[in-house]
Amino acid sequence: MAAGGYSMTPLHDVLQLRVRYSETDQMGTFYNSRALEWFECGRTELMRRRLGLSYAELEARQVFLPLVEAHLEFQGGARYDDLLDVASTVAMSGRARLRFDVQINQNGSGKPVVRGCTMHAFADADGKPIRPPGWFLELMNKAAGISST
Amino acid sequence: MAAGGYSMTPLHDVLQLRVRYSETDQMGTFYNSRALEWFECGRTELMRRRLGLSYAELEARQVFLPLVEAHLEFQGGARYDDLLDVASTVAMSGRARLRFDVQINQNGSGKPVVRGCTMHAFADADGKPIRPPGWFLELMNKAAGISST
Amino acid sequence: MAAGGYSMTPLHDVLQLRVRYSETDQMGTFYNSRALEWFECGRTELMRRRLGLSYAELEARQVFLPLVEAHLEFQGGARYDDLLDVASTVAMSGRARLRFDVQINQNGSGKPVVRGCTMHAFADADGKPIRPPGWFLELMNKAAGISST
Amino acid sequence: MAAGGYSMTPLHDVLQLRVRYSETDQMGTFYNSRALEWFECGRTELMRRRLGLSYAELEARQVFLPLVEAHLEFQGGARYDDLLDVASTVAMSGRARLRFDVQINQNGSGKPVVRGCTMHAFADADGKPIRPPGWFLELMNKAAGISST
(Lines give C-alpha, C1' and ligand atoms only; values in the text may rest on other atoms or scores of the structure.)
Protein backbone atom coordinates (compact mmCIF):
# COMPACT_ATOMS: atom_id res chain seq x y z
CA MET A 1 0.00 0.00 0.00
CA ALA A 2 2.06 2.91 1.25
CA ALA A 3 4.95 2.77 -1.17
CA GLY A 4 8.55 3.45 -0.22
CA GLY A 5 10.63 5.99 -2.05
CA TYR A 6 9.02 9.04 -0.53
CA SER A 7 12.24 10.94 -1.05
CA MET A 8 11.89 10.57 -4.80
CA THR A 9 9.14 13.13 -5.01
CA PRO A 10 8.93 16.70 -3.81
CA LEU A 11 5.18 16.19 -3.37
CA HIS A 12 5.83 14.91 0.08
CA ASP A 13 5.35 16.45 3.50
CA VAL A 14 5.64 15.50 7.15
CA LEU A 15 3.23 16.86 9.73
CA GLN A 16 3.67 16.41 13.44
CA LEU A 17 0.71 15.96 15.70
CA ARG A 18 -0.01 14.68 19.17
CA VAL A 19 -2.53 11.99 20.04
CA ARG A 20 -5.43 13.72 21.78
CA TYR A 21 -7.12 12.25 24.84
CA SER A 22 -10.36 12.27 22.86
CA GLU A 23 -8.70 10.01 20.29
CA THR A 24 -7.91 7.21 22.73
CA ASP A 25 -10.26 4.36 23.50
CA GLN A 26 -10.59 1.94 26.39
CA MET A 27 -7.86 -0.28 24.94
CA GLY A 28 -5.51 2.57 25.86
CA THR A 29 -4.33 3.36 22.34
CA PHE A 30 -5.93 5.55 19.66
CA TYR A 31 -9.28 4.52 18.26
CA ASN A 32 -8.82 3.17 14.73
CA SER A 33 -10.98 5.70 12.85
CA ARG A 34 -8.76 8.56 14.08
CA ALA A 35 -6.14 7.38 11.59
CA LEU A 36 -8.37 8.57 8.75
CA GLU A 37 -8.65 11.96 10.47
CA TRP A 38 -4.86 12.17 10.79
CA PHE A 39 -4.53 11.24 7.11
CA GLU A 40 -6.75 14.23 6.38
CA CYS A 41 -4.55 16.52 8.49
CA GLY A 42 -1.56 15.28 6.51
CA ARG A 43 -3.32 15.98 3.19
CA THR A 44 -4.28 19.46 4.32
CA GLU A 45 -0.73 20.46 5.22
CA LEU A 46 0.82 18.76 2.20
CA MET A 47 -1.41 20.75 -0.12
CA ARG A 48 -0.79 24.03 1.68
CA ARG A 49 2.98 23.60 1.85
CA ARG A 50 3.79 21.81 -1.41
CA LEU A 51 1.09 22.88 -3.85
CA GLY A 52 0.77 26.37 -2.44
CA LEU A 53 -2.98 25.94 -2.59
CA SER A 54 -4.85 25.02 0.53
CA TYR A 55 -7.68 22.52 0.28
CA ALA A 56 -9.97 25.25 1.60
CA GLU A 57 -9.05 27.39 -1.43
CA LEU A 58 -9.57 24.43 -3.72
CA GLU A 59 -13.11 24.04 -2.40
CA ALA A 60 -13.61 27.80 -2.75
CA ARG A 61 -12.86 27.23 -6.45
CA GLN A 62 -15.59 24.59 -6.51
CA VAL A 63 -13.24 21.64 -6.72
CA PHE A 64 -13.87 18.92 -4.17
CA LEU A 65 -11.88 15.76 -3.51
CA PRO A 66 -14.29 13.22 -2.02
CA LEU A 67 -12.72 10.07 -0.66
CA VAL A 68 -13.59 7.04 -2.76
CA GLU A 69 -11.31 4.40 -1.30
CA ALA A 70 -9.14 3.99 1.76
CA HIS A 71 -6.79 1.28 2.96
CA LEU A 72 -5.27 1.14 6.41
CA GLU A 73 -2.75 -1.11 8.03
CA PHE A 74 -2.32 -0.78 11.77
CA GLN A 75 1.29 -1.46 12.62
CA GLY A 76 1.77 -0.42 16.21
CA GLY A 77 0.25 1.43 19.09
CA ALA A 78 0.23 5.12 19.90
CA ARG A 79 -0.93 6.47 23.21
CA TYR A 80 -2.31 9.74 24.49
CA ASP A 81 0.17 12.60 24.06
CA ASP A 82 2.54 10.62 21.82
CA LEU A 83 4.08 12.83 19.16
CA LEU A 84 3.57 11.37 15.70
CA ASP A 85 5.05 12.05 12.27
CA VAL A 86 2.45 11.92 9.53
CA ALA A 87 4.37 11.54 6.24
CA SER A 88 2.20 12.02 3.15
CA THR A 89 2.87 11.84 -0.56
CA VAL A 90 0.47 12.80 -3.31
CA ALA A 91 0.30 11.78 -6.95
CA MET A 92 -2.29 11.43 -9.69
CA SER A 93 -3.57 7.88 -10.08
CA GLY A 94 -4.65 7.45 -13.66
CA ARG A 95 -6.34 10.42 -15.27
CA ALA A 96 -9.10 11.08 -12.82
CA ARG A 97 -7.97 10.31 -9.31
CA LEU A 98 -5.65 11.71 -6.71
CA ARG A 99 -3.85 9.30 -4.43
CA PHE A 100 -2.27 10.03 -1.08
CA ASP A 101 0.11 7.55 0.55
CA VAL A 102 0.62 8.00 4.24
CA GLN A 103 3.01 6.55 6.78
CA ILE A 104 2.52 7.50 10.42
CA ASN A 105 5.42 6.81 12.78
CA GLN A 106 6.27 7.60 16.36
CA ASN A 107 8.38 10.72 16.43
CA GLY A 108 11.70 9.92 18.05
CA SER A 109 11.72 6.13 17.97
CA GLY A 110 10.41 6.03 14.42
CA LYS A 111 8.24 3.03 15.29
CA PRO A 112 5.54 2.55 12.69
CA VAL A 113 1.96 3.20 13.79
CA VAL A 114 -0.29 3.16 10.72
CA ARG A 115 0.21 3.25 7.02
CA GLY A 116 -2.32 3.51 4.29
CA CYS A 117 -3.57 5.31 1.27
CA THR A 118 -6.62 7.24 0.24
CA MET A 119 -7.99 7.65 -3.30
CA HIS A 120 -9.95 10.76 -4.17
CA ALA A 121 -12.23 11.66 -7.06
CA PHE A 122 -12.63 15.18 -8.40
CA ALA A 123 -16.13 16.55 -7.93
CA ASP A 124 -18.07 19.79 -8.10
CA ALA A 125 -20.03 21.33 -5.22
CA ASP A 126 -22.94 18.98 -5.91
CA GLY A 127 -20.70 15.95 -5.69
CA LYS A 128 -20.79 15.27 -9.42
CA PRO A 129 -17.58 13.90 -10.93
CA ILE A 130 -15.52 16.39 -12.89
CA ARG A 131 -12.23 16.19 -14.78
CA PRO A 132 -9.22 17.33 -12.83
CA PRO A 133 -8.91 21.02 -13.81
CA GLY A 134 -5.95 21.82 -16.07
CA TRP A 135 -4.70 24.46 -13.65
CA PHE A 136 -4.66 21.90 -10.87
CA LEU A 137 -2.59 19.45 -12.91
CA GLU A 138 -0.18 22.24 -13.79
CA LEU A 139 0.10 23.10 -10.12
CA MET A 140 0.94 19.48 -9.36
CA ASN A 141 3.53 19.32 -12.14
CA LYS A 142 5.07 22.64 -11.13
CA ALA A 143 5.30 21.55 -7.52
CA ALA A 144 6.88 18.27 -8.61
CA GLY A 145 9.39 20.16 -10.71
CA ILE A 146 8.03 18.69 -13.93
CA SER A 147 7.95 20.94 -16.97
CA SER A 148 4.50 20.80 -18.54
CA THR A 149 5.64 21.73 -22.04
CA MET B 1 -29.85 22.83 35.17
CA ALA B 2 -31.89 19.90 33.98
CA ALA B 3 -35.17 20.60 35.69
CA GLY B 4 -37.40 17.95 37.18
CA GLY B 5 -41.05 17.64 36.21
CA TYR B 6 -40.47 16.15 32.80
CA SER B 7 -43.80 14.42 33.04
CA MET B 8 -45.56 17.78 33.09
CA THR B 9 -44.89 18.43 29.44
CA PRO B 10 -45.70 16.39 26.37
CA LEU B 11 -42.66 17.93 24.69
CA HIS B 12 -40.56 15.22 26.17
CA ASP B 13 -39.00 12.12 24.70
CA VAL B 14 -36.68 9.30 25.71
CA LEU B 15 -34.19 7.82 23.27
CA GLN B 16 -32.18 4.71 23.96
CA LEU B 17 -28.65 4.37 22.70
CA ARG B 18 -25.61 2.27 23.41
CA VAL B 19 -22.16 3.60 24.20
CA ARG B 20 -19.97 2.92 21.17
CA TYR B 21 -16.42 1.68 21.48
CA SER B 22 -15.33 4.79 19.58
CA GLU B 23 -16.89 6.88 22.33
CA THR B 24 -14.76 5.46 25.13
CA ASP B 25 -11.40 6.85 26.16
CA GLN B 26 -8.43 5.44 28.01
CA MET B 27 -10.10 6.14 31.37
CA GLY B 28 -12.50 3.34 30.39
CA THR B 29 -15.67 5.44 30.33
CA PHE B 30 -17.10 7.63 27.58
CA TYR B 31 -15.12 10.67 26.49
CA ASN B 32 -16.81 13.81 27.78
CA SER B 33 -17.58 15.50 24.44
CA ARG B 34 -19.69 12.52 23.37
CA ALA B 35 -22.37 13.76 25.79
CA LEU B 36 -23.01 16.72 23.47
CA GLU B 37 -23.39 14.30 20.57
CA TRP B 38 -25.88 12.23 22.56
CA PHE B 39 -27.79 15.41 23.45
CA GLU B 40 -28.04 16.05 19.70
CA CYS B 41 -29.40 12.52 19.11
CA GLY B 42 -32.00 13.21 21.79
CA ARG B 43 -33.03 16.50 20.15
CA THR B 44 -33.31 14.84 16.76
CA GLU B 45 -35.69 12.13 17.98
CA LEU B 46 -37.69 14.47 20.20
CA MET B 47 -38.41 16.74 17.25
CA ARG B 48 -39.30 13.89 14.93
CA ARG B 49 -41.58 12.16 17.43
CA ARG B 50 -43.17 15.07 19.30
CA LEU B 51 -43.20 17.95 16.85
CA GLY B 52 -43.80 15.77 13.81
CA LEU B 53 -41.10 17.76 12.05
CA SER B 54 -37.64 16.37 11.80
CA TYR B 55 -34.71 18.70 12.24
CA ALA B 56 -33.64 17.74 8.71
CA GLU B 57 -36.98 19.10 7.42
CA LEU B 58 -36.56 22.21 9.52
CA GLU B 59 -33.21 22.89 7.85
CA ALA B 60 -34.79 22.16 4.46
CA ARG B 61 -37.16 25.04 5.30
CA GLN B 62 -34.10 27.22 5.91
CA VAL B 63 -34.48 27.31 9.67
CA PHE B 64 -31.34 26.40 11.60
CA LEU B 65 -30.88 26.02 15.34
CA PRO B 66 -27.22 26.74 16.09
CA LEU B 67 -26.07 25.95 19.61
CA VAL B 68 -25.27 29.10 21.56
CA GLU B 69 -24.78 27.73 25.05
CA ALA B 70 -24.34 24.36 26.69
CA HIS B 71 -24.02 23.21 30.27
CA LEU B 72 -23.04 19.73 31.31
CA GLU B 73 -22.81 17.98 34.64
CA PHE B 74 -21.13 14.60 34.68
CA GLN B 75 -22.81 12.48 37.31
CA GLY B 76 -21.56 8.96 36.80
CA GLY B 77 -19.76 6.65 34.46
CA ALA B 78 -20.97 4.76 31.43
CA ARG B 79 -18.92 2.12 29.72
CA TYR B 80 -18.76 0.60 26.27
CA ASP B 81 -22.00 -1.14 25.30
CA ASP B 82 -23.98 0.28 28.25
CA LEU B 83 -27.55 1.01 27.26
CA LEU B 84 -28.51 4.60 28.11
CA ASP B 85 -31.78 6.51 28.33
CA VAL B 86 -31.50 10.00 26.89
CA ALA B 87 -34.49 11.95 28.23
CA SER B 88 -34.99 15.32 26.55
CA THR B 89 -37.48 18.13 27.00
CA VAL B 90 -37.84 21.18 24.80
CA ALA B 91 -39.32 24.61 25.47
CA MET B 92 -38.95 28.17 24.24
CA SER B 93 -36.66 30.25 26.43
CA GLY B 94 -37.74 33.84 26.09
CA ARG B 95 -38.88 34.95 22.66
CA ALA B 96 -35.90 33.98 20.60
CA ARG B 97 -34.33 30.82 21.93
CA LEU B 98 -35.09 27.16 22.16
CA ARG B 99 -33.92 25.26 25.21
CA PHE B 100 -33.42 21.52 25.56
CA ASP B 101 -32.98 19.94 28.97
CA VAL B 102 -31.45 16.51 28.97
CA GLN B 103 -30.97 13.81 31.57
CA ILE B 104 -29.02 10.72 30.58
CA ASN B 105 -29.34 7.69 32.84
CA GLN B 106 -28.24 4.09 32.75
CA ASN B 107 -31.09 2.02 31.38
CA GLY B 108 -32.08 -0.56 33.96
CA SER B 109 -30.40 0.76 37.08
CA GLY B 110 -31.46 4.31 36.35
CA LYS B 111 -28.12 5.61 37.62
CA PRO B 112 -27.51 9.16 36.42
CA VAL B 113 -24.74 9.64 33.87
CA VAL B 114 -24.93 13.22 32.57
CA ARG B 115 -27.40 16.02 32.70
CA GLY B 116 -27.33 19.31 31.00
CA CYS B 117 -29.02 21.78 28.77
CA THR B 118 -28.42 23.37 25.41
CA MET B 119 -29.68 26.77 24.23
CA HIS B 120 -30.28 27.34 20.54
CA ALA B 121 -30.76 30.46 18.46
CA PHE B 122 -32.87 30.57 15.31
CA ALA B 123 -30.84 31.33 12.20
CA ASP B 124 -31.10 31.28 8.43
CA ALA B 125 -28.86 29.29 6.09
CA ASP B 126 -26.17 31.97 6.36
CA GLY B 127 -26.16 31.78 10.13
CA LYS B 128 -27.92 35.13 10.58
CA PRO B 129 -30.35 35.34 13.49
CA ILE B 130 -34.01 35.18 12.59
CA ARG B 131 -37.22 35.31 14.59
CA PRO B 132 -38.70 31.94 15.39
CA PRO B 133 -41.18 31.37 12.52
CA GLY B 134 -44.84 31.60 13.51
CA TRP B 135 -45.55 28.15 12.08
CA PHE B 136 -42.82 26.70 14.27
CA LEU B 137 -44.25 28.23 17.43
CA GLU B 138 -47.70 26.92 16.49
CA LEU B 139 -46.20 23.49 16.00
CA MET B 140 -44.69 23.70 19.47
CA ASN B 141 -47.96 24.84 21.02
CA LYS B 142 -49.95 22.21 19.18
CA ALA B 143 -47.56 19.48 20.28
CA ALA B 144 -47.75 20.75 23.85
CA GLY B 145 -51.54 20.68 23.71
CA ILE B 146 -51.77 24.44 24.09
CA SER B 147 -54.46 26.25 22.14
CA SER B 148 -52.97 29.17 20.27
CA THR B 149 -56.18 31.18 20.05
CA MET C 1 -13.89 -6.75 -0.63
CA ALA C 2 -17.36 -7.16 0.81
CA ALA C 3 -18.32 -10.49 -0.66
CA GLY C 4 -21.80 -11.36 -1.84
CA GLY C 5 -23.60 -14.44 -0.55
CA TYR C 6 -24.38 -13.08 2.87
CA SER C 7 -27.41 -15.33 3.02
CA MET C 8 -25.14 -18.36 2.94
CA THR C 9 -23.94 -17.83 6.47
CA PRO C 10 -25.84 -17.47 9.70
CA LEU C 11 -22.95 -15.34 11.00
CA HIS C 12 -24.56 -12.33 9.48
CA ASP C 13 -26.51 -9.45 10.97
CA VAL C 14 -28.09 -6.17 9.93
CA LEU C 15 -28.08 -3.16 12.22
CA GLN C 16 -30.01 0.00 11.51
CA LEU C 17 -28.64 3.36 12.50
CA ARG C 18 -29.22 6.98 11.64
CA VAL C 19 -26.56 9.41 10.49
CA ARG C 20 -25.94 11.82 13.35
CA TYR C 21 -25.48 15.54 12.81
CA SER C 22 -22.07 15.21 14.43
CA GLU C 23 -21.13 12.74 11.72
CA THR C 24 -21.69 15.13 8.82
CA ASP C 25 -19.03 17.44 7.43
CA GLN C 26 -19.15 20.62 5.40
CA MET C 27 -19.55 18.64 2.18
CA GLY C 28 -23.03 17.82 3.50
CA THR C 29 -22.55 14.06 3.73
CA PHE C 30 -20.99 11.94 6.47
CA TYR C 31 -17.32 12.39 7.22
CA ASN C 32 -15.38 9.39 5.92
CA SER C 33 -13.93 8.13 9.22
CA ARG C 34 -17.44 7.63 10.62
CA ALA C 35 -17.73 4.58 8.38
CA LEU C 36 -15.18 2.79 10.58
CA GLU C 37 -17.26 3.69 13.64
CA TRP C 38 -20.38 2.29 11.98
CA PHE C 39 -18.47 -0.87 11.08
CA GLU C 40 -17.70 -1.18 14.79
CA CYS C 41 -21.40 -0.79 15.69
CA GLY C 42 -22.18 -3.55 13.21
CA ARG C 43 -19.55 -5.86 14.74
CA THR C 44 -20.87 -5.18 18.24
CA GLU C 45 -24.44 -6.15 17.39
CA LEU C 46 -23.44 -9.10 15.21
CA MET C 47 -21.47 -10.60 18.09
CA ARG C 48 -24.22 -10.00 20.62
CA ARG C 49 -26.99 -11.38 18.43
CA ARG C 50 -25.28 -14.21 16.54
CA LEU C 51 -22.51 -15.42 18.83
CA GLY C 52 -24.46 -14.80 22.02
CA LEU C 53 -21.33 -13.19 23.44
CA SER C 54 -21.00 -9.45 23.46
CA TYR C 55 -17.66 -7.92 22.65
CA ALA C 56 -17.73 -6.34 26.12
CA GLU C 57 -17.90 -9.86 27.62
CA LEU C 58 -15.11 -11.01 25.33
CA GLU C 59 -12.89 -8.24 26.66
CA ALA C 60 -13.94 -9.13 30.20
CA ARG C 61 -12.50 -12.58 29.45
CA GLN C 62 -9.25 -10.88 28.45
CA VAL C 63 -9.67 -11.47 24.75
CA PHE C 64 -9.24 -8.36 22.59
CA LEU C 65 -9.70 -7.97 18.86
CA PRO C 66 -7.48 -5.08 17.75
CA LEU C 67 -7.98 -3.90 14.20
CA VAL C 68 -4.98 -4.69 12.03
CA GLU C 69 -6.28 -3.84 8.59
CA ALA C 70 -9.24 -2.01 7.08
CA HIS C 71 -10.43 -1.39 3.56
CA LEU C 72 -13.19 0.99 2.63
CA GLU C 73 -14.92 1.82 -0.61
CA PHE C 74 -17.20 4.83 -0.62
CA GLN C 75 -20.05 4.15 -2.98
CA GLY C 76 -22.60 6.87 -2.40
CA GLY C 77 -23.66 9.64 -0.10
CA ALA C 78 -25.62 9.56 3.12
CA ARG C 79 -26.92 12.68 4.79
CA TYR C 80 -27.89 13.69 8.29
CA ASP C 81 -30.81 11.63 9.62
CA ASP C 82 -30.68 9.08 6.80
CA LEU C 83 -31.53 5.61 8.04
CA LEU C 84 -28.84 3.10 7.09
CA ASP C 85 -28.60 -0.68 7.05
CA VAL C 86 -25.26 -1.93 8.28
CA ALA C 87 -24.95 -5.56 7.08
CA SER C 88 -22.03 -7.41 8.62
CA THR C 89 -20.66 -10.92 8.24
CA VAL C 90 -17.92 -12.50 10.30
CA ALA C 91 -15.59 -15.40 9.58
CA MET C 92 -12.16 -16.62 10.58
CA SER C 93 -9.47 -15.62 8.11
CA GLY C 94 -6.71 -18.19 8.33
CA ARG C 95 -5.92 -19.51 11.78
CA ALA C 96 -5.30 -16.32 13.64
CA ARG C 97 -7.52 -13.58 12.34
CA LEU C 98 -11.14 -12.60 12.38
CA ARG C 99 -12.58 -10.86 9.34
CA PHE C 100 -15.72 -8.76 9.15
CA ASP C 101 -17.22 -7.84 5.78
CA VAL C 102 -19.60 -4.92 5.85
CA GLN C 103 -22.02 -3.42 3.36
CA ILE C 104 -23.82 -0.23 4.34
CA ASN C 105 -26.86 0.72 2.28
CA GLN C 106 -29.57 3.33 2.48
CA ASN C 107 -32.57 1.79 4.18
CA GLY C 108 -35.53 1.93 1.84
CA SER C 109 -33.87 2.68 -1.48
CA GLY C 110 -31.11 0.16 -0.86
CA LYS C 111 -28.59 2.50 -2.46
CA PRO C 112 -25.05 1.50 -1.52
CA VAL C 113 -23.16 3.88 0.77
CA VAL C 114 -19.94 2.18 1.88
CA ARG C 115 -18.56 -1.29 1.80
CA GLY C 116 -15.44 -2.63 3.32
CA CYS C 117 -13.81 -5.12 5.57
CA THR C 118 -11.82 -5.13 8.76
CA MET C 119 -9.26 -7.71 9.87
CA HIS C 120 -8.69 -8.31 13.56
CA ALA C 121 -5.95 -10.03 15.50
CA PHE C 122 -6.51 -11.80 18.81
CA ALA C 123 -4.66 -10.16 21.70
CA ASP C 124 -4.50 -10.18 25.48
CA ALA C 125 -5.07 -7.16 27.71
CA ASP C 126 -1.51 -5.99 27.06
CA GLY C 127 -2.02 -6.09 23.31
CA LYS C 128 0.15 -9.18 22.86
CA PRO C 129 -0.97 -11.60 20.15
CA ILE C 130 -2.68 -14.75 21.39
CA ARG C 131 -4.16 -17.78 19.66
CA PRO C 132 -7.91 -17.62 19.17
CA PRO C 133 -9.27 -19.42 22.26
CA GLY C 134 -10.78 -22.83 21.59
CA TRP C 135 -14.04 -21.84 23.26
CA PHE C 136 -14.31 -18.86 20.92
CA LEU C 137 -13.85 -21.01 17.82
CA GLU C 138 -16.47 -23.42 19.13
CA LEU C 139 -18.83 -20.53 19.67
CA MET C 140 -18.27 -19.45 16.06
CA ASN C 141 -18.84 -22.97 14.76
CA LYS C 142 -21.91 -23.47 16.88
CA ALA C 143 -23.38 -20.17 15.74
CA ALA C 144 -22.63 -21.11 12.13
CA GLY C 145 -24.36 -24.45 12.60
CA ILE C 146 -21.14 -26.38 12.08
CA SER C 147 -20.55 -29.46 14.18
CA SER C 148 -17.13 -29.34 15.77
CA THR C 149 -16.79 -33.09 16.21
CA MET D 1 -17.76 32.06 32.79
CA ALA D 2 -14.36 32.57 31.22
CA ALA D 3 -13.01 35.32 33.44
CA GLY D 4 -10.84 38.17 32.20
CA GLY D 5 -7.50 38.92 33.76
CA TYR D 6 -5.63 36.06 32.15
CA SER D 7 -2.48 38.13 32.25
CA MET D 8 -2.60 38.16 36.03
CA THR D 9 -1.57 34.55 36.32
CA PRO D 10 1.41 32.66 34.99
CA LEU D 11 -0.78 29.54 34.91
CA HIS D 12 -1.94 30.53 31.49
CA ASP D 13 -1.07 29.22 28.04
CA VAL D 14 -2.10 29.72 24.44
CA LEU D 15 -2.19 26.82 22.01
CA GLN D 16 -2.72 27.23 18.28
CA LEU D 17 -4.64 24.67 16.33
CA ARG D 18 -6.39 24.43 12.99
CA VAL D 19 -9.98 23.34 12.49
CA ARG D 20 -9.89 19.89 10.92
CA TYR D 21 -12.21 18.88 8.11
CA SER D 22 -13.47 16.10 10.35
CA GLU D 23 -14.53 18.73 12.86
CA THR D 24 -16.87 20.57 10.53
CA ASP D 25 -20.54 19.72 10.11
CA GLN D 26 -23.08 20.36 7.39
CA MET D 27 -23.72 23.88 8.72
CA GLY D 28 -20.20 24.64 7.45
CA THR D 29 -18.68 25.51 10.82
CA PHE D 30 -17.21 23.26 13.50
CA TYR D 31 -19.51 20.81 15.23
CA ASN D 32 -20.20 21.99 18.78
CA SER D 33 -18.74 19.03 20.70
CA ARG D 34 -15.31 19.65 19.13
CA ALA D 35 -14.97 22.65 21.45
CA LEU D 36 -14.67 20.26 24.40
CA GLU D 37 -11.93 18.41 22.54
CA TRP D 38 -10.08 21.68 21.89
CA PHE D 39 -10.44 22.58 25.56
CA GLU D 40 -8.70 19.29 26.33
CA CYS D 41 -5.86 20.12 23.90
CA GLY D 42 -5.46 23.45 25.69
CA ARG D 43 -5.33 21.74 29.11
CA THR D 44 -2.76 19.24 27.88
CA GLU D 45 -0.35 21.91 26.63
CA LEU D 46 -0.92 24.22 29.59
CA MET D 47 0.06 21.45 31.98
CA ARG D 48 3.09 20.42 29.98
CA ARG D 49 4.37 23.97 29.50
CA ARG D 50 3.43 25.67 32.77
CA LEU D 51 3.38 22.91 35.37
CA GLY D 52 6.23 20.99 33.82
CA LEU D 53 4.18 17.84 34.30
CA SER D 54 2.25 16.43 31.41
CA TYR D 55 -1.21 15.06 32.04
CA ALA D 56 0.10 11.72 30.76
CA GLU D 57 2.68 11.72 33.58
CA LEU D 58 0.00 12.72 36.06
CA GLU D 59 -2.05 9.67 35.08
CA ALA D 60 1.11 7.55 35.26
CA ARG D 61 1.28 8.67 38.91
CA GLN D 62 -2.31 7.42 39.35
CA VAL D 63 -3.87 10.86 39.53
CA PHE D 64 -6.79 11.40 37.18
CA LEU D 65 -8.77 14.56 36.52
CA PRO D 66 -12.23 13.48 35.37
CA LEU D 67 -14.46 16.23 34.05
CA VAL D 68 -17.38 16.92 36.38
CA GLU D 69 -18.83 20.07 34.89
CA ALA D 70 -18.50 22.04 31.66
CA HIS D 71 -19.96 25.28 30.41
CA LEU D 72 -19.71 26.50 26.87
CA GLU D 73 -20.74 29.69 25.15
CA PHE D 74 -20.57 29.72 21.38
CA GLN D 75 -19.64 33.21 20.26
CA GLY D 76 -18.81 32.98 16.60
CA GLY D 77 -18.07 30.65 13.75
CA ALA D 78 -14.87 28.92 12.77
CA ARG D 79 -14.46 27.10 9.49
CA TYR D 80 -12.27 24.33 8.17
CA ASP D 81 -8.59 25.26 8.23
CA ASP D 82 -9.11 28.38 10.37
CA LEU D 83 -6.22 28.90 12.75
CA LEU D 84 -7.46 29.29 16.33
CA ASP D 85 -5.89 30.49 19.57
CA VAL D 86 -6.92 28.37 22.53
CA ALA D 87 -6.13 30.41 25.64
CA SER D 88 -6.41 28.43 28.88
CA THR D 89 -5.94 29.30 32.53
CA VAL D 90 -5.91 26.87 35.42
CA ALA D 91 -6.60 27.37 39.11
CA MET D 92 -7.82 25.37 42.08
CA SER D 93 -11.52 25.85 42.75
CA GLY D 94 -12.08 25.28 46.44
CA ARG D 95 -10.05 22.50 48.03
CA ALA D 96 -10.91 19.62 45.79
CA ARG D 97 -11.38 20.80 42.26
CA LEU D 98 -9.33 22.09 39.39
CA ARG D 99 -10.87 24.67 37.10
CA PHE D 100 -9.80 25.56 33.58
CA ASP D 101 -11.10 28.72 31.89
CA VAL D 102 -10.79 28.77 28.15
CA GLN D 103 -11.23 31.43 25.49
CA ILE D 104 -10.92 30.38 21.87
CA ASN D 105 -10.44 33.15 19.32
CA GLN D 106 -9.67 33.34 15.64
CA ASN D 107 -5.94 33.83 15.23
CA GLY D 108 -5.30 37.07 13.38
CA SER D 109 -8.67 38.78 13.66
CA GLY D 110 -9.05 37.86 17.30
CA LYS D 111 -12.77 37.23 16.79
CA PRO D 112 -14.18 35.17 19.63
CA VAL D 113 -15.29 31.64 18.79
CA VAL D 114 -16.06 29.82 22.04
CA ARG D 115 -15.45 30.42 25.68
CA GLY D 116 -16.11 28.18 28.60
CA CYS D 117 -14.80 26.42 31.61
CA THR D 118 -14.35 22.88 32.79
CA MET D 119 -14.29 21.66 36.39
CA HIS D 120 -12.30 18.57 37.28
CA ALA D 121 -12.28 16.28 40.29
CA PHE D 122 -9.20 14.41 41.48
CA ALA D 123 -9.60 10.65 41.23
CA ASP D 124 -7.55 7.47 41.40
CA ALA D 125 -7.28 4.88 38.63
CA ASP D 126 -10.62 3.38 39.68
CA GLY D 127 -12.35 6.74 39.41
CA LYS D 128 -12.68 7.14 43.18
CA PRO D 129 -12.34 10.71 44.48
CA ILE D 130 -9.03 11.52 46.13
CA ARG D 131 -7.59 14.63 47.73
CA PRO D 132 -5.39 16.70 45.48
CA PRO D 133 -1.88 15.37 46.23
CA GLY D 134 0.35 17.77 48.18
CA TRP D 135 3.05 17.56 45.54
CA PHE D 136 0.55 18.61 42.89
CA LEU D 137 -0.55 21.66 44.87
CA GLU D 138 3.09 22.60 45.39
CA LEU D 139 3.68 22.26 41.67
CA MET D 140 0.76 24.60 41.04
CA ASN D 141 2.03 27.12 43.59
CA LYS D 142 5.55 26.94 42.29
CA ALA D 143 4.40 27.45 38.72
CA ALA D 144 2.27 30.39 39.85
CA GLY D 145 5.26 31.89 41.63
CA ILE D 146 3.63 31.51 45.03
CA SER D 147 5.86 30.52 47.91
CA SER D 148 4.33 27.62 49.79
CA THR D 149 6.13 28.29 53.07
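Think of it as A, B, C and D in the order they're written, each chain with its own count starting at 1.
What we mean here is this: a residue touches a chain if its C-beta (ideal position, glycine included) is under 8 Å from a C-beta of that chain, and two chains touch if they have at least 3 such contacts.
Computed from a predicted structure; not experimentally measured.
Look at the CA centroids: the one farthest from the centroid of subunit A belongs to B.
Comparing chain pairs B-C and A-C by the number of C-beta pairs in contact, the larger count belongs to A-C.
Note: centroid distance subunit A to subunit B, computed from Cα atoms, is 36 Å.
Inter-chain centre distance (subunit A to subunit C, centres taken as mean C-alpha positions): 26 Å. Per-chain CA centroids place subunit B at a distance of 29 Å from subunit C. Each of residues 21-22, 33, 36-37, 79-80 in subunit A touches at least two other chains. Shown here, the protein chains touch in all possible pairs.
Listing the residues of subunit B that touch subunit C in their complex gives 18, 20-22, 36-37, 40-41, 44, 54-56, 79-81. Listing the residues of subunit B that touch subunit A in their complex gives 21-22, 24-26, 28, 31, 33, 79-80.
Across the complex, subunit D is touched by residues 27, 29, 32-37, 40, 64, 66-74, 77, 127 of subunit B.
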